[in-house]
Each structure stands twice: as C-alpha cells, then as structure tokens.
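Below, chain A partners chain B and then partners chain C, in two separate complexes.
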Partner chain A sequence: MTNTTLINDATVPLLDIRDLTVEFATRRGTVQAVRNINISLAKGETLGIVGESGSGKSVTSYAVMRILDRAGRIAEGSVMFSGVDLRAMPESQMRDLRGREMSMIFQSPRLALNPIRKVGHQIEDVLMQHAQAGNDAVSEKAIEVLDQVRIARPRERYHAYPFELSGGMCQRVVIALALACRPQLLIADEPTTGLDVTTQKAVMDLVVELTRERGMSTILITHDLGLAAAYCNKVVVMEKGNVVETARSETIFRSPAHAYTRKLMRATPRPGISLRDLLPEDEAARAALIAETPVVVGEPPLLVVDKLVKEYARKDLATTMSKLFGKKPAVVPDAFRAVDGISFSIARGESVGLVGESGCGKSTTSMMVMRLIDKTSGSITFGGEDIGEIPARNFATLPQRKRIQMVFQDPTDSLNPRFTAARAIADPLLQLGGIGRGEVRSRCEELATQVGLPLDLLDRFPHQLSGGQKARVGIARAIALKPDLIILDEPTAALDVSVQAVVLNLLQDLKDSLGMSYLFVSHDLNVVRLLCDRVIVMRAGQIVEQGPTQRVMDAPEASYTRDLLSAIPHPPI
Partner chain B sequence: MTETSMPMATAAPVQPKTPSNSIFKHARYVVAENPVTGLAFGLFLLIVLCAVFGPYIVPYDPLATDTTATLQPPSLTHWFGTDQLGRDIFSRVVVATRLDLVIAVSSVALVFVMGGFAGIAAGFFGGWTDRVVSRLADTIMAFPLFVLAMGIVAALGNTVTNIVIATAIINFPLYVRVARAEANVRREAGFVQAARLSGNGDFRILLLHILPNIMPIMMVQISLTMGYAILNAAGLSFIGLGVKPPTPEWGIMVAEGAANIISGEWWIALFPGAALMIAVFCFNLLGDGLRDLVDPQRRT
Partner chain C sequence: MLATIGKRLVTVIPTLIGVVIVTFLLTRVLPGDPAVYFAGPAATPESIAEVRKSLGLDRPLPEQFLRYVSDLAHGNFGNSLSTGRPVITEIASRLPASAELTLLGLVLSIIIAVPLGILAAVKQGSWIDHTCRIVATAGVSLPVFFTGLLLVYVFYFQLGWSPAPVGRLDAFASTPPHITGFYLIDSLVTGNFESFRAAFAQLILPALTLCIFSLAPITRMTRASMLAVLASEFVRTARASGLDDRTVIITYAFRNAMLPVVTTLGMVFSFLLGANVLVEKVFAWPGIGSYAVEALLQSDFAPVQGFVLTMAVLYVALNLLIDILYGVIDPRVRLEG
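Entry: the complex of A and B
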C-alpha cells in the first residue's frame, strides 16, 4: 500500500527484534512470556526458533504478527520490519501487512482452514483481500497457486473441501494461502507436527524450495532440533522466555555453547546412541547400573496374534442404496480392512515396536489386542488363552483385564479431569486390585515413588500437572495391577524431548524391574530404536517387515522401511 | 530433566489444605471477575431466604381478608398495597416464593434425573437406546410446549404434583439433547478407555467418569430451566390450571390483578409480576456463575 514505506535496502535486516518483552495478564499477576529477546533475520535467510513448550517461541511470532490475544501485550522493545516499527503501526495498516508482506503457517492445518468453504475459494479470499487479482482472473490465479504447492490436479482440488483432503494436502493448501500474495516473511509455527515423517519431509522440502525460489525469509518454529538443523541457516534456542543461544546451524550442532542447548541435543533421539545417552551425564551414569532382564526364550510367547483382521463396513450412499434396492454393489468392496491379516508374537520380557504412518492400522491393532474393540477374524492368544473370543464389552470386569494394560498417547485426554492424580492411580486398584480402601493410599504412594512422581502432587487435578507429570500418572495407573503386557500408544508423542528422554528411561527401568512385555506403538523410528528389541513395520493394514531392531534399522529389506528411515531429519553431527 | 526443572506453567505453589477455604476463595475470585454473578447470587440468596422464612416474617396473614381496607395503594402500612379482598400484597408476594420455588426446584430435579440419565445413556451407548430416547424427545418437541403442559395438567388433575410433572416433561428434550451431545463427545475420550482398562463397567463409567464431567454444562442448563420452570408454573396458574386460589402464588396474583389495571389499581399485578421477573432474571444470570464455580479448569 502507499501509506507504508518499507525500506528495500539490503543492509537493513528484514526483521529486527530488539529487547522484546511480552507480558500476559493472568489471575496471578503479570507473567513475562518473553524477556528482552533479540532476533534479527536477513533477507532470504531461514531462521529456526527451537525450544520446548513454554519457551515463548510461539509468543514471539505472535508478537511479530501482532496477533497476541487480549491478555497479552508487548511491554518493551521494538519489532522493526524492513525498517518500519511494527509496534507503532496502526491496526489498519497492520492488517494490510499481514498476508501481503508477512504470513504465517499454523500448527494444525485442519484448524487453519474454514471447514465449510472450498479451498479454492479460500485462496481467492486472500487474493481479493490484498487486491492481487481482479474478479475475472482470480480463479485462474488460485489454481495457479495450488499448482505451485505441488497439488496434483489443482483444477479438481480447487473444488475440494478441507475434509476431503489428507493432512499433508491441507498443509499444502495452508502454505498456498500463506504464499498466495508473495510475502517477504513467512512464519511457520510447528508446520509439520501431527504429520507423518514422509509427509513432513515433502512439506518442508516444498516450503524451503518455494521460499528460496522467491528470495523470501522464513522463521521456522519447532521443538525438533533435527528439523531446524536440516532446514535452517541460523538457529535461535529459547528457554523459558529467554534466547539462550543464537548461532549458525552447522556450528550450533558441532559446538553448542549453552548448557540448555547441550541438554536439548543430548535428549534428542538419534541413531547410534543408547537410551541412557538421552539423560544428562550425571543421571545416565546412575541409570546404567540397573541390569537389563533378558528376554525369556524357549517358553511359549506371551502373546500370539494370528491372521488378525478388522473390517469396517462402508457406509456411503452407494452401498446404502444398493442394500435398499437389493442391487449388487459396485466394484468397491463392502468393507474397509483397517487391519488385514497380521500375525506376530511377543515373548515374555520383550519389547516390540509397532511402527507405521497414520492410518496404517497400528492403533486398531493395539485396540484389538487391548480388547477395547472386537476383531473381525483371526485369533489373539494371550498366555495360552484365546482372549480374542471374549467380547470387548465383557472384558472390562474379567480377571484377564489385570494382565493387559495400556499407556495412552495423550496424557491429558486419558486422565479424567475431575479425578485427582491419586484417584486416577487408585481406580484400577479399587476395581480389579482387590485391595481395601485403607491400603489404596499407601499403594498409590508406592506407585508414585516408582514412577518418580512427587507425593505432594498426588492430590492435584490433571490441569494442575505438567505434561511429564501427567504421563507419569498414566504410567503409574498402567503398572498398578502389575500387568504382563503393556501397550504403549505413542506415550511420548505429546511431550517435550527432555521429558521424553526421562519417560523413555523410566519405561525401560520399569520393564526391567517388573519383568513386563511392551508393545510400543509409534511413528517415530528413532524412539523405537532406543526402546525395542524387535520392530514390526505396518502399512495399509499389513505387516511390511518385522525383525530385530538393529537389523531392520541398519539393513531394511522393504523399500517402505527405507523411505521411512530416510525421511527422518537428522542433525548434522 | 528432574522434577525441579519441570515447573508448572501457572506455578501454583501450595495446594490449600482446607477445601472449604479454597472453594470460598474461588467463589470470591469468580464474583470479583464478573460482578453480575455476585448480583445473581445475592438475588438468589434473597429468594431462598424468602422461601424459607417468608411465612414467619411477613407482617400480615397472606390469607386474611380485610373488607375495610380493599384496593389500598402502596403505603407504609401496606408496602405493596392490598387487593380486592383487602389482603396484604407484600405478605402474599413473599409467602408465594416458597411454593413457586418448590415447584421449580422439584420439577428441575425430576427432569435432571430423567432427562440427564436418558441423555447420557443415549449418547454413550448409541444404537437403540439413542434411537428410542432421541425420538421420544423429538416427539415432545413437536408439541407447543406450554399447550402440552396445559394438556397434561388438565388430564391428570389440577394439583401441584401434576404441575411439577408437566413442567418436567416439557423440559425433558432440552436435558436429553445437552446430555446426549456431551456424553457422545466423551464416549471415545482417553480417560473413558482408561476407565475400561481399570475394570469399570459401563454403568460405573457413566456415573463416575462421564456424569461429573458434564456437570458444568448441566448446571447452566439447570439454572436456565429453573427460571423457565417458574414462568411455566406461574403461567399455568395464570390461566386457571394448577394452583388454586386463595393460595398465594405469583401467577394467580398477576391474573387476579390483571382486571384491575385498567381501573388504575396497578399494584395488584405489578408486584407479583416483578417478583416473577426478578426470579427468572436471577436464575438466568446464575447459570454463568455456576458454570465458573463448578468447572475444575477454572480453579488453579
């Protein structure tokens, strides 16, 4: 626009954040989310802001875009964009700047798109808003933009609604929206969280390629050091609202200067290290003293799954109509096979990794083994007994329930918001443990000690606990009944890397001291590598490959496994 | 990472040892953040006090007629004036609180139990339970609700019990729908699955895991329908169904006074009408405050 005078001079950094402090007014007074930070970004540069939750990395980007919520305000400092102070800019000009000069990609692509509007129209909205195209040419322009983000058949996809597209596709549309007006600055806030690793690679490659092509500057906000290292020129590490280190990405990984950076790097799972290496030095030495229990071989396996199948009936109009009128259904089969005849076994004391991308049937498999849903066919033999024949709805109150337990993916979602930590841990004890109310408290405290949960936290509600503490409560609940098999459904997916390191080690210790078997469901091969003896790779309901972890990771037989392994971003060390 | 490097985001230092104290503190916070809630709670307290102590504190017997003082305008002796039979309107308005409140509370309690449980079961089990409950609710919704209530009272007989039942029935669909939707969302929640793994049967899950979690939204519903129930009871009495004269009741009193407004005796209808309005207003405002109070997420 005419009224904003942006300096187009190579010596002026595109974005210059000086002494920025952001405050939030809360019930307990003002909290400084970001304290006196300095970040500068040159034209054409890609900057990674790395930090764990609560480090203030997202708040920084919101402050730059001036989209802080009502409780937040920029208390001090300046944000210069091409030599113009964004803090002093009136909201009307700011609105004009957003989308045209600077855009943002959000974490969840599905939430960032309007669910009831065609994606083509959503792109048109942005183009019209910033007068990038006239009424007649706008739809052509939108198709062109879709084509640029490598969406196949853009003319058809123009008419698609967000729910008709996959997660990776949606993120491409969001990128298309962000880049439609050719902004100078792109802020990507955890753009690939929740996407599969192969999709993550495709999306990140696209972002980097497009921004390089157009000479744009990019800020990548992520918790994943590997991702930042692989795609950024410069990395800023944040901790609790402070910038602790700024360096070029090659140097930061070779010689991290700050202790926090070292701790983060140490906690990031990567090939060629052991589980204990994730912990800070002093703790690792102590943990190494615990001996590992060997896998019991020779005995019959604890769990044998044979030709397990789960089908879901298709419920679309065509099949309903054909049912109503007694017509033969069209070529599509009646049922969708989420799990398609898989067989595997788990020995006593063994931990087996079940790996695959979203929709591959790994969760369905674990739910069936868990006896939370019924199978379609096949058998699940647990400890010599075919538990697959017992209907899932009756299983809850049977004695077998004690022997198979689960740790859920989302520690927040899996705790009843109205139960205190102690009540949550006590629940299985009271229902199946057969111990009186008097002893429950002492047993809870014993379990809390076992999982490293401070006893004074036992009377708190889930929302008063941190993510790692909630994960511990979930683990304590799962081991309360001393089960033989625990299914771990991505137990660390929602946790920061440093917390993940501790939780993974805790799981290993518990397995060794209690002699349990694990079925570890995950999409993260690096984590599986650390914890599991054997790996099963699943794709589209079928097992692609299974074998000892070392062998599968180092010399994968299936090409799909190779694709998965190569898609993981690695820090350059 | 150690426990010390894992501070809580909000840094709640010490958990208060006495729960009553913490609830009081929390209530004070809720009221301070939204003064309207304070007003609503104040009005509610006044209504409850009137309901409990009304008959003992009023200056006149609400049923005593006085032919020497009919249709007196408001004065120091009769604050709200007197009606056609010389009864003190202030005393009658205050005494009527108890009856109106009892009708509202018992009908809401009844519908909460019936509709709440039917709705949770429908949302949780789905299938046939859902079909039966939802169609029943739809059927009730298909009638003009006040006319349905009239029909029920007329058919069952003109008693307080039947007003309670009729009011409960017409509110049934509202409870079913809210409870069903809320239970349905939580059916697949992680903590429900975890409860199954802990050996809880369906019934325990409904009662201990799902019901407490939908209480905040049900509280709002209770508060809103409470006002609606008072209006409904008064409405039935106004048209001559339900409570019979000379029992003091806001609806009847408005009906009795309606004829006199044209001739200038406005106070006979105005004061019971105002009481009715304040009660309904209070319950509507109370909803938001109650939700804030019972929601554990708001307690830090």
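Entry: the complex of A and C
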C-alpha cells in the first residue's frame, strides 16, 4: 500500500531516535524543547518515558509522528522507523504510516474524539483512509474493532457520540482508533491521566493485552513512576529536554543512577513512608519532624454531618413537554441521589480524607459542607450550629463563611487571571476580613511568607507563576481568614510529583501551626494515606467504609476498598 | 427534533406579544401628527380634529390598542394613508423582492466568505490570509450606499455591462407568474429563461453590494473559529491517525467550527435586512425597505407598524431556523432540547 520499504528484521530496532533536537519558534526566540536525545525501542518491547511537565516527553512523541504544531521543527538528529528515516520521508508517505504503522493515544480521551461525530464513523474514517475495509464491510469492521477493546454492546455504541460515553469508555474508543489498523508501534501519551484508578487499571491491562497479543511495541509516556514500573520493560527518564537515564525498569527503581531519578522516586507517594520522605534528602533533614498533632478528644467535634442527602431531579423531555401542556407526567420521575444519607464527623485539628471514584458524590458532599449548594435533607453541624439550614446563596456574606474555606483542584482555573497574586490573596480579606485597606498588603505579605511564596512574586499575574506557585496562592487565599476547616478538593492533582511533595508538606505544616481541620477530597489513595488521620471511602453516594487511615489502608473491610487499593500501580521498591 | 421545534415555537409567543406592543407604542411616540399631515397644509383646527376622529386617534390609547390587536388577528394591518391601499397586500407584494435580494446577497457572501475563511485559517499567515483580511476590512469599511453607487458607476455607467438600476426587471422582459414571488425561481420553474436573465441582471449588483458588506463578519468568524478547532485535540488525533487533509479540515474541523459561523450568519442576516433599506433606495428596488422609509417620512404609521411586525416575525423565524440548524450540526444541542 505504500512504496516505502520497511525492513522487517529482528536485529533492526523498530524505532531508533538518534541525537534528536526539537526546536520551537517563540516570541522570545528559539527554544529547544528536546536536546540530543537517544531512544531505541525493539520489536515487542514496552518503553516508558517518564518525566515532569516540560521535560519534553510529549514533544518527543509528536516529533516521531511528525505532528509537531506549526512553531515546532526537528532541528537535528534522525528518527529511524524499521530502518527508514522518517525525517526524510515526504508528508504523503508519512500520512500513510500514521494510524497504520504507528498510532497514538492521547490524554483526556473525551477531547481526543470529534465531539459531533459518531464514534463508529470516526473508526470508519481511519479504516477507510488506510484501505483496511471496503465501503460495504467497513461498518462491520468498525463494530469488530469496538468489540476488540471490550466495549459492551458494540453495535449500539457504534452510534454513540463521545459525550454519551464515560471517560473510560471514550479512552477505549481512542484505543480502538489507534489499533484499528494493527500498527507496529503504539505511543500512549498519559493515557490514563484523569481516569479513576480502577478504570486506569482496566485501560492499561487492555493496552498491554492487545499489544502483547499482536507483538506490538509500545511507548508509554507518563509522569507516574508506578505506572511506568508496572507496565514497562525499559524506562527512559527525561528532565528539561534531556534524557538523564535509560535502564531496565527493575534496575531503575532499585538503584536509580541519576540524581533527578532519585528525586522523582522520592517524591512519589507510596505506602510505608511519611510526608517528609517525599522531599529531597537535604530538605527533608531541614524540615522538622512531624509532631503527631493530638486530635482533640472529648470536645465535641468541629463538624458533624448527619444523614446528608442531595437529590437531583431527573429531567427529561417527556416530563417537560407534558408539564408544558398542563398534563401530569405519566410516571413520576425518580430523583437521582448524588449523596445518599451519609454521616461522618471531623474533630478539631483532624484531617479526614474523602476518597472514591468520579461520580461517587465526594464533590457534592464537599460542596454541601462548603455551603455552596443546598442539601435535600440531613444536617450539617459546624461548631455546634446547624449551618445546613442556611441557604447557600446567603452564606457568602455571613461570618461563618470565614471559618470554612476551600482550596480548589485546578490552581490555574481557580485564580482570576486579571488579579495579581496579592489581589487574589487579599480578596477574602477585603470581602470579610474587616481590616483596613492599609493593613491588607502587610497581611498578604505575612500570608505569602507563611505559604513560602517569595514576596517579589506577589505582583505577578497567574500566567506568570508556575503551577506550584499558583497552588501556594490558592492556599494563602484559603488561610487568609484563619478558618477552622479547609476543604481541599484534589489540591495537588494538577501538579508534578516533586511540586506535590512540597505542597503536601506545606499543607501539613500549616495545619499543625494554625490548628485547622482538613477535609481532603481525593481519588489518590497514596496521597490520602500520607496526609490524613482518618479516611472515608464513598461509592454511589454512600459511605462504604470509614476509619483510621492506617486501618482502612492496611486492613480494608469493604471489598470495594480492597479493589481500589489493589488497582494502584506501585513502583517495585 | 419536532419537540424541540414545538418548544421553541412556544417561547416565540411572548416575543411576538412584546413586538406588537412596542410597534404600537413606537408609532404613537414618533414625532409628527398624522392627522395634521393628512388634513393638508391649509387645514383648520376643526378639519384636523375631524381627520383625527376618522382615524380613531381621539380615542384613549388602550382602546386604540385593542382595535389594533383585533385588526391584526383578522389579518388586517390597516390601510396606508398616503396610497390608500391595504398594508398587507402592499407588504405581501414587496416582501419577496426584498427577500430575494437579501437572500441572494447572503448566499453570495457565504459562497465567497466561508471558503476564504477556511483557507485563511489553514494557511495562517500566508498571502491568502492577508488578502482575506484586506478584502474583509475594505468591504465592511465602505457604507452600502457608496458600494452600491460605485458598482452602478463602474458596471452600468462606465462598462455598460449591467442594465439600468431601476427595479426588478427591465421594461422589455415579461414578469414571471407569481409562484414564490422570487423572480429567479419563478422564471426558472416556468422555463422562461429570458426573464431569468433579465431578473438576474437586475439583481446581481444590489446583491453584490449586500454581499461585500457582509463578507467581513463571516470570513473573520470562520477563520477564528477554524483556528480554534484546528488547534484542538481531536484534530491532532485525526492527524495522528493519518487521515488526509480534506477529511481533517472538512469533516473534523469545519463541521465543529460551523456553530459560531451559523450564529454569525443569523446576525449578518439581520444587518442585511437593515442595510436593505439603503440599497433598495439606490437601486430603486420595489422592496419593503423603501416602502417603510417613505411611510415613516410621511408619518403614515400603519405601514411602519406592518413593516416592523413583518421584520420581527422574519427575525423570529430566522432564529428558529438557526436553532434547528444547531441541532442538525451538534448532537449535544439535540439532547438539551
């Protein structure tokens, strides 16, 4: 089908990247995103490329596929695929290779699919492009491909649009797209970021199974060392556009040679360590040991949530129409219970983890406790007062608002892009702080020092700050009013592991010095294990299990908790 | 789909009620007293009062309004005071002329602007992109009456390519039978190619005038929206699966980029309805725009009310059409409906 001769010889590596340098033209001149890297991948091998954001791992894969955006170009080096130089290949032949010989899976599966085209048709597009099926057989073939990625009822799903499928299902469709033409090389760029651990495991197992059964080579690009260790033969560690270490995965995790690899290894949350162990050795030594903050017993708990329920009415067209014409709906629609009668409490100075998979109701719970949405029934008692009775839209101006604050998931999206760091931190002070304008600046500086934000960054805008710095601004804003309870909604999910390590330690230190309580919402059990005294496991709006972190993690009672725990990939250390 | 349309139609009702009230009040608060105008320059206060009484203008406002509404309900838009003819027949005969002109202008504009916008986005920074920008800016910077006069000067006066800009047909062509009221369609349906050519020759210059005016928003929106979609992740997936450029740009990118373009089309159509008034004047086009302007200048409020009401209904219908188009393009909209 193509006139390129691919050498099919076991001694020739499938992919051989030599001295590859990729440059991007930016307003401030040329930037090298990848510098003289060498990566080689044999047939049937699985290679992990590990690194933090900005390490050039994605750019490397785009360069291999030659899908760099307009500003980027391969400046030096060669990319040999089955003995053929991809750099010298004309675009028309390159296009034949893409999807047929080499494919890619992207992160955020929902965005990777055309939102207004049926998934079956999207698979057909690829099959037709590479002449894998004729016009008459193509839809049967597409259904077969969907079936191969274990999509239940593929004949129905063929007609689904991406928005009608769950995240995990979308990722299966993306995998189906990539594997439809049985390529030799699969590049998976953070394929499970944003998916739940159990979904992550299912998706990764599927990829491994399919690629093994077809003798394919795989490159797995990830920031998650555990994931790379669990699924790869060989690991390449990248830092700032350079490959710093290449080794077999057993050796790299047992005896990392490069300092950066060691730092990365240390920063990865895992069982059996403390928060301080995440920090680089020299910093960990400097940081004080974590004093076991005694949870105040005897005193009434700070927050008591009792039989809390949140229902959403199921709206559909039939009921709307019949209402419109004054008829009673034929069947009374069921209300959907996002939170279904949960009870728990948080003591003063305690940090409680709320874990569960997406859709389990953990965010709805935190929003109700935060008094951003109203409950359907049940009570929320905070400091002896039933704040659940106060309507959410009145809550923002009440003095109680000061005592419950929140740190949001995405440090970028939760800051007003037109506010400087100082203005963002000052916002709650100006709204509720009751202090004069003159004092605001000094209080901001005090808070910045507390969260370890250099004072000269205070006048910068969010886009001029790094992810970790933005996270610090978000934390400073939350503690500005000296709250009693902070709700942390996946505060480190968008951060690199080394930054996450620092932020988690900061949160711990702040809690100890300010005597706050935390409700830590997360899907990352390893992080919860490090930060929380107690943990609540939720599923389908209900609490499956709650108890001291140690006990729940080491000897889970509910089978669901066991499933969650076993789905986490661990580095073999 | 039908349910969506039904629901949208229900929401149209309050809008129409509002329009009826506003058109009624608007003509009452406009300066100029129709009674004075129609009593003539030599009128005595008595004769003015008599005219006012015969027009029903001496009654209290609510009563006038009720009469207006019940007339509307019976399809009676009132009579024009200056011509004495019923407004409804006048509008019915003139509306197709305006609609044909506006639609042809819009279609021409879409045919030119959409591909230009796509090309400009695909070849961002190339000469096509710059040409596109210059053409669009120039088109929107020139007032329509000026573009119209310029076209007449060049193509009629200087080159002599087009017939005299007076009306929908020149004197020698026969008027096609009234089927849709659109001369182009009617003459084609009856196989009268002579009339078709004549009608087209008359139509092309005013339509071009409107087209030039509306190029800018459509090109710019197509370009911007294509650029955004081309940078999205599913386009990258499509490229990474080796799909050819045509499929990536048309099937993947353009269909997604169409939503904002369709919204813009709706807005452009309403601009064109406004611009029409001037273009009809320049080309002596027997449309409703020129009819309304003349009526307004004579404080002849029945035609003005009729005009505003017709425009409002047209606009509502247009918005409904756009909503339906949305549903056709984007399955997510269908779900919400």
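General observations
By our rule, the second predicted complex is superposed on the first by the 554 of 573 C-alpha atoms of A that agree within 3 Å, B and C clash if a C-alpha of one lies under 4 Å from a C-alpha of the other, contacts with A are read in each partner's own complex, and residues count from 1 in each chain.
Simple rule for what comes next: contacts are C-beta pairs under 8 Å (C-beta built on N, C-alpha and C of every residue); 3 or more make two chains touch, one makes a residue touch a chain.
Small disclaimer: the values here were computed from a predicted structure and weren't measured.
Once the two complexes are overlaid on the shared chain, A:466 sits against chain B while remaining clear of chain C. In the superposed model, A:115 makes contact with chain C only, not with chain B. Using the contact criterion defined above for the overlaid structures, shared-chain residue A:215 touches neither chain B nor chain C, since it reaches no partner. Which of chain B and chain C touches more residues of chain A: that partner is B.
Of the two partner chains, chain B is the only one touched by A:477; chain C is not.
Looking at the shared chain after the overlay, A:416 reaches chain B, while chain C stays out of its contact range. In the superposition on chain A, A:501 makes contact with chain B only, while chain C stays out of contact range. Once the two complexes are laid over each other on the shared chain, residue contacts for A:100 go to chain C alone; chain B is not touched.
Looking at the shared chain after the overlay, A:405 reaches chain B, while chain C stays out of its contact range. In the superposed pair of complexes, A:548 makes contact with neither chain B nor chain C.
Looking at the complex, you find that chain A touches chain C at residues 65, 67, 69-70, 95-100, 103-104, 106, 108, 111-117, 125-126, 129-130, 161, 163, 174, 177-178, 317, 320-321, 324. In the complex of the two chains, the chain A residues touching chain B come out as 26-28, 54, 267, 280, 283, 370, 372, 393, 396-397, 401-402, 405-406, 408-410, 413-419, 424, 427-428, 431-432, 452, 454, 456, 459-461, 463-466, 468-469, 474, 477-478, 498-499, 501-502. Contact residues on chain C toward chain A in their complex (touch as defined above): 3, 6-7, 10, 124, 231-234, 236-244, 247, 251-252, 255-256, 329-332, 335, 337. If you check the complex, the residues on chain B that touch chain A are 1-3, 5-12, 15, 29, 189-191, 193-202, 204, 209, 212-213, 296-297, 299-300.
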